[in-house]
Amino acid sequence: MVDEKSVSASEPLDLIRLCLDEQIFVKLRGNREMTGKLHAYDSHCNIVLGDATETIYYLESGSEDVKSRKEKSELVFVRGDSVMSIADASNIGKTNA
Amino acid sequence: MSTLKPFLNEKVKVLTADGRLLLGVLEGFDRTTNLVLSSAKERIFSIDEPTKDISMGLCIVRGNEVVSISDYDEQVEDSTDYSKIFAEKLKDTRNSLID
Amino acid sequence: MLFFSFFKTLVDQELKNDVKITGTLRSIDQYLNIKLDNVQTDVAKYPHFVAVRSVFIRGSTIRYIHLNPNSVDTNLLQDASRREAMASSGDKIVGR
């Protein structure tokens, strides 16, 4: 079922639709990033990611260096108000591998 | 609305966006979760001082500042010795990198 | 509306401003405000939740909701997302 409507990308959210079932990279508020497979989204940028890996950046007290830790989740809903940007992960490559 | 009606006239604990804990009887609420608490008190947790309560009487909590509202088991609550509890202050909901 | 109907079908746990709360999903509304029963939290770390039975969480303070993958059909979710996207783009064309 490939009609014009489902292929065209005329507005920003259409780009998210094209990422459905793909690996995506999401930048989040609170110094967080997440990669995972996009299973669902809505107009608020609420999203559901499968096999997600979250990276949290933080400062240890008394140190200037930014550290990071990772957390995994098999299936997670992310509230849209935390989402700053969404990108196709295949275009980015691994961050901080 | 995932309604607060069951909590009306019940003793509740309210967590706020700046990480504070309020206790009181829920007298009223609206769609934006503005709350009215009677016999309210703020419970202050500290890592190096015993927990203490500060009475505030009747108070309104603005919906924006509300994180969660919960009812509780009064027996368990009353049998908890808060003078022996030391806890870190909760974080706020802003999540800045530098506190 | 998608996530509203989606969560209505589920029983699971969730996480917030660095506080993690687990419970059984009792109800949810259009703001994604959530009510959980059988609340479990790390009471030693967060004595704020001593004796708590059920909790109402304001949707705006939620960061993540962790779901049980076995209780979710991700294909259905993707279809629902496409359908909702389609429906809203249709609205716009009509409204023009």
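The chains carry the letters A, B and C, assigned in the order they are written, with residues numbered from 1 in each.
In this text, contacts are C-beta pairs under 8 Å (C-beta built on N, C-alpha and C of every residue); 3 or more make two chains touch, one makes a residue touch a chain.
Predicted, not measured: the structure shown is a model, and the values here were computed from it.
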### Set of chains adjacent to chain A and to chain B
C
### Task
Find the most central chain, measuring centrality by the gap between its CA centroid and the centroid of all protein CA atoms shown.
C
### Task
Please report how many Å separate the Cα centroid of chain A from that of chain B, as a whole number.
33
### Summary
Averaging C-alpha coordinates per chain, one finds the centres of chain A and chain C separated by a number of Å equal to 17
#### Entry: Intercentroid distance (Cα basis), chain C paired with chain B, Å
22
### Query
chain A: which residues touch two or more other chains?
30
## Note on the structure
Touching two or more other chains in chain C are residues 60
### Summary
Each of the following residues of chain B touches two or more other chains, namely 95
### Message
Under the definition above, what is the set of chain C residues touching chain A in their complex?
### Response
1-3, 6-7, 32, 59-60, 62-69, 72, 74, 77-78, 80-82, 84-86, 88-89
### Task
Using the touch definition up top, name the residues of chain B that touch chain C in the complex.
1-4, 6-7, 13, 15, 17, 19, 21, 33, 43, 45, 51, 63-64, 66-77, 80, 82, 85, 87-88, 90-93, 95
### Message
Looking at the complex, which residues from chain A come into contact with chain C?
### Response
5-6, 10-11, 13-14, 17, 20-21, 30, 39-43, 46, 48, 50, 73-79, 81-82
### Message
List the residues on chain C that touch chain B in their complex, please.
### Response
16-19, 21, 27-31, 33-35, 39, 45-58, 60-61
